[in-house]
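Chain lettering (A, B, C and D) follows the sequence in which the chains are written, and residue indices restart at 1 in each chain.
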Amino acid sequence: MAEMNMAKAINKALHEAMEHDERVVVLGEDVGKDEGVFRITEGLLAKFGEKRVIDTPLAESGIVGTSIGMAMYGLRPVCEIQFSGFDYYAYHQLESHAARMRNRTRGRLTVPMVMRAPYGGGIRALEHHSEAREAIYAHTPGLKVVIPSGPRNARALLHASIQDPDAVVYYEPKALYRAFKEEVPDKIETLPIGQAQVVLEGSDISLISYGASLRVTLEAAEVLDEEHGIKADVIDLLSIAPLDTTTIVESVRKTGRAIVIHEGPRTCGIGAEVVARINENVLLYLEAPVRRVTGYDTIIPYFSKEKAYLPDADRIVAAALETLEF
Amino acid sequence: MPRKPIDLPYKIEYLSVLDENGDVDKELEPKLSADDLKKMYWYMRLARQMDERMLKLQRQGRIGTFPQTSGHEAISMGSIYAIDSSDWNVPAYRELAGMLYRGWPIETILLYWGGFEEGNRIPDGVNDLPYCVPVASQLLHAAGIGMAMNIKGDKKVVVTYFGDGASSEGDFHEALNFASVFSAPVIFVCENNQYAISVPLSRQMKAETVAQRAISYGIPGVRVDGNDVLAVYVAASEAVARARKGQGPSLIEGLTYRVTPHTTADDPKKYRSEEEVEQWLKRDCLIRFRKYLVKKGVCSESDIKKVDEEIDAKVKEGVQRFEELAKSEELLDPLASFDYMYAQTPEFLQRQKEELADWLNKEKKSSGSAGKAQAETARRGG
Amino acid sequence: MAEMNMAKAINKALHEAMEHDERVVVLGEDVGKDEGVFRITEGLLAKFGEKRVIDTPLAESGIVGTSIGMAMYGLRPVCEIQFSGFDYYAYHQLESHAARMRNRTRGRLTVPMVMRAPYGGGIRALEHHSEAREAIYAHTPGLKVVIPSGPRNARALLHASIQDPDAVVYYEPKALYRAFKEEVPDKIETLPIGQAQVVLEGSDISLISYGASLRVTLEAAEVLDEEHGIKADVIDLLSIAPLDTTTIVESVRKTGRAIVIHEGPRTCGIGAEVVARINENVLLYLEAPVRRVTGYDTIIPYFSKEKAYLPDADRIVAAALETLEF
Amino acid sequence: MPRKPIDLPYKIEYLSVLDENGDVDKELEPKLSADDLKKMYWYMRLARQMDERMLKLQRQGRIGTFPQTSGHEAISMGSIYAIDSSDWNVPAYRELAGMLYRGWPIETILLYWGGFEEGNRIPDGVNDLPYCVPVASQLLHAAGIGMAMNIKGDKKVVVTYFGDGASSEGDFHEALNFASVFSAPVIFVCENNQYAISVPLSRQMKAETVAQRAISYGIPGVRVDGNDVLAVYVAASEAVARARKGQGPSLIEGLTYRVTPHTTADDPKKYRSEEEVEQWLKRDCLIRFRKYLVKKGVCSESDIKKVDEEIDAKVKEGVQRFEELAKSEELLDPLASFDYMYAQTPEFLQRQKEELADWLNKEKKSSGSAGKAQAETARRGG
């Protein structure tokens, strides 16, 4: 048992995975000598050497495309895209191949790879460094999309992602890298991909979120409880593809009210899908419209103003009160 | 301090071994046994006769649109013959001869162009990737496979294919750069048939050759006569030897011409002259290779005829097997896609599968007019 | 007034736009001499010459990226991506620049361009030639996404798209290119981007669709009427970004029941967004869950089996009956 | 028929005009007036002093992370000075000298790095694109602008900038290929500072130079001493002359070294030695340019001092204007983004704007711990 932040926990998982499975290789821009611009790959080059920890040329399609080749050859590449705002350069490779090879070859070839990328706002970064476009990947059949919300589940989910026989997009909420510490057990844990967690039990309203937004959601739940005596059922999706319909549906059947919270743009975002699944499964239990507290359909404002764009406890609390008064 | 030339250690060469009359350059002639030569010829002919047969099948609507490969046999065969079965092959879509040689059954290939995923079921023991449609994207897979060979310490090589048009894609640049930086054992073979659908080479690049692009990556580049299977074999063997020695990738440009339409949906009259085509038909790779085999005494004219008959039979059998498979319930089951998206089908997808299953019986034919329109559009498109 | 199919109507719009505005240029793979693999650019090179009708090298990012440059310089590029399944190669250019330049420069630079691409299934094409991933663009703030459903609106919407001061993704349902003919007036028409049309009036159920799916939706509406006496309110979205919430909401307020129909994958698709907006605005009017009759979250099966994947009248009718019996 | 070299009409040259002692190659010395030389020096110094001042502002948290530009002034100034104000400039992010010369106010640039979109408000009459963060993507915009110049028949040129790392991106390849195929009047200037963050040139490419990549596109390529503003100017002027004559694009590689960290978030000790940096500091472009100006009698040592003082004052004023703007309600209004997404804000977005407007007052500061974490992460990141 040791206390560590999320950056350290992800780093720990990479060390563990490379120790336990020599097929695991790490590649990307500045992941070697520099140990990653966020230091997520700290110590890897020193311990595992240049063959397995690869500083690549500056080319995202190259990084993802060669990872796909390596995976088909039998390795387990874990590639890093320096910021999610640049993974679009490689989207054609992920969509056309990583997500399709198993189906295309009727199972003869598979692409067991992980594409890691820091995503989301809140660190006063430049334009293109604060995007949250995870829905693009959730909308891409054949991919899994995993998003941790804390040190412990980050480590467990990264292990699960690396062990997964298919391509996984592992998005790291960069605002949480060093936001807080948590006990992380010594023995390796994994969490099943596609299973959400109820992180707080309550029967008044369901608050559904993931990633950095889960933290403000928990803040909001606390305020709702302490200041308004409202008990929220807080769900951490952990993976947005596959999306855990069952957990969402059971919660809403209990509460009859729900809010979905995320950073990304609203239109066709994860929130829309959550609302759609609630509508399909428990419409008659709904006592109020499901609210979406999300990023807006704009470019996230430059950092002097970015906080206004990001969901915060206030917006969630207010939405919850309105939903309960509806 | 003034203006001084930087001397770069590159010379881009043109290589040709076998001319149109079947005469060979004795010094460059590769040491290939009669069996080797016969085998190469056999698969080149198989590809040619199959291509011709596929055209009929397409016209009859028994398979869909496909890219014809006649004229590309020398580049495909000359390069694939330079690697071992334990090496890897990353095709594009015009390497029919090479795929047949690697062990892809005729019916499997027909299934692919007939609209069945099973056409990509790589046969046991064949180290090939399937056809790749998104142009140039496969080059990065080859680079990654080569990098993986180095990482694992395997003394293997990988050969990959792409067209002149593909060399304009960013993925081409990234693939050659990655392969060169990491000394990956990759042989990049450009099938320069001088057209990308309707776009001629001059509109594709200002550079005189694709081969000279090797200079951008500090690797060897050569242009060979793409209708000369021996020249391709020589260049490929040299590249393979370098790759096995850990000297990294090479770029081989086979200069040929797409004597057929781009695909069965294409109408070349819109963008080029018949004369141009006629000229290149004279340089056909099979005609000159056959002359060579006869002059060399590897086979007689009658052997050659026998080969054609043998192959006709083989193709017929393959087409029959395809026709049966194409009727089989298993292959026509659209539910299969749900089973192959992930190693384990997630619950939500399982539900979607059941949803579709419920509908499949009820499904009605779409209205005649729409049907016609689709067929019509299919003829024009893609 | 002349009868023509959608391919011809789009071609007509291109001719007209190039005649009326010399800033309009057309570029893409095989759009010149070949007149487009679907012949959509027929006659353009002959009439307007090589400077304005440009056969490009084979590079999608190059096509879109140079179009962005041309647009900033004052031209009105209309680029063609040969099939939507290959526009991913250029997504980073659209997202990072076409969708952002106005906001980035506070209005100093704009990107008035149109990216045309044939999309969707139904023509027995190869893998990657039948995709319907329009939701990716609808989820991209700064873009508009227009999808016609017939010759007349195709022409009017293309004019609107070319005249639009911002970047527009104009997706052409390739199955409709030659599916049917329609009267197209001689004088140039435009349609406002962001406005849906009620193409059939009814009060029993709202059928919301666009593109090729609209045709099967209309077939379904006919069956519902003739065989079941059910009157459907059929909405043709025409543009999925911006999405016309008002028209959707008014229809559902009237009918209390809705089905949304499209080809693309279901998760985070346009259907999800439509459901979310109905939920936000008229939840209490809903008498049954909104059904999504869409493509599945799989790769569209190869063409021998693709029809099973595409929404058809049967599926819509059955979903409508269930919704009404709910 | 045998193996014969293809002769390609390319020689890649290295160009240097001004050495580290400020001595010049008389034959190559460009004909620049004393005023020209003073102006070039003035903006190079302005960039240098501003860069140093920005470092302080960043350390004080008054602006965010930014890429330092000290050492890149010669490449930027030498090339930008070769074009006219009616020509276009497509920057990356290390061309501070050039942007200042083109007319970007100090406060505008500070606003950009301070987290305000207004930092990209191109000044009236300046034909520049704003900073471009997605590496290499801007090269295609330059190619498109050049193509548009040809289409409109404008006799203008466009200069664009990118790093050694950027030359690995597919967009680099596509941009140079498009520009060459369409003879677009584009001058591609590579700021080869030998690092892409931590990745050294040797890991970026196997090729000896970036300049030789010109051969892939059949265009002229030259490597120049990137610390020699005169050499850069000569090479750029030649490229501009060719472009204006309709001879298409050129590739210029300025070889320099990133003597600073990549950005204020970077720690170079992790990947390179102090000695390496020391060596290159000696070759600084401003030191030698100053020596040249003095030897040539263009300015005296005291003039030089005066320039520094003048500039200090200018920078101070600029910083002051920035500080005021950065406090202004208008610039701090997050609602502005809604107004600039489209020419006309669609209804649904208008509703979202109102939704946010309602919240803005209520907004609470995020919890202290998270706040600290953000600052901390900000220091490490990007």
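Criterion: a residue touches a chain if its C-beta (ideal position, glycine included) is under 8 Å from a C-beta of that chain, and two chains touch if they have at least 3 such contacts.
All of these numbers come straight from a predicted model, not from anything done at the bench.
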Graph separation of chain A and chain C (steps between touching chains):
1
A-B or B-C: which has the larger count of contacting C-beta pairs?
B-C
Return the chain whose centre of C-alpha atoms lies at maximal distance from the corresponding centre of chain C.
D
What is the distance in Å between the mean C-alpha positions of chain A and chain B?
39
Centroid of chain A to centroid of chain D, CA atoms only: how many Å?
35
Please tell me the distance, in whole Å, between the geometric centres of chain B and chain D computed from their C-alpha atoms.
43
Touching two or more other chains - residues of chain B:
117, 134, 168-171, 174, 177, 181, 203-205, 336-337, 341, 348-349
Using the touch definition from the top, which residues of chain C touch two or more other chains?
56-57, 59, 61-62, 85-86, 89, 92, 96, 103-104, 127-128, 141-142, 243, 267, 296-299
Which positions of chain C touch chain A when the two form their complex?
85-86, 88-89, 91-92, 95-96, 99-100, 103-104, 127-128, 133, 135-136, 138-142, 241, 243, 265, 267-273, 275-276, 278-281, 283, 286, 288-292, 296-299
For the complex, give me every residue of chain A touching chain D.
29-30, 32-35, 37-39, 55-59, 61-62, 82-83, 85-86, 89, 118, 122-129, 174-180, 215-216, 219, 266-267, 296-309, 312-315, 318
Would you pull the chain B residues touching chain C in the complex into a rising list?
64-65, 114-117, 119, 133-135, 165-166, 168-170, 196-199, 203-205, 265-266, 270-271, 326, 331-334, 336-338, 341, 348-349, 352-353, 355-356, 359-360, 362-364, 366-367, 369-370, 373-378, 380-382
Chain B touches which residues of chain D in the complex?
1-6, 8, 11-19, 25, 27-28, 168-174, 177, 180-181, 203-209, 211-213, 215-219, 223, 225, 248
Residues of chain B defined as touching chain A within the complex:
88, 117-118, 120-122, 129-130, 134, 137, 139-152, 170-171, 174-175, 177-178, 181-182, 336-337, 340-343, 346-349
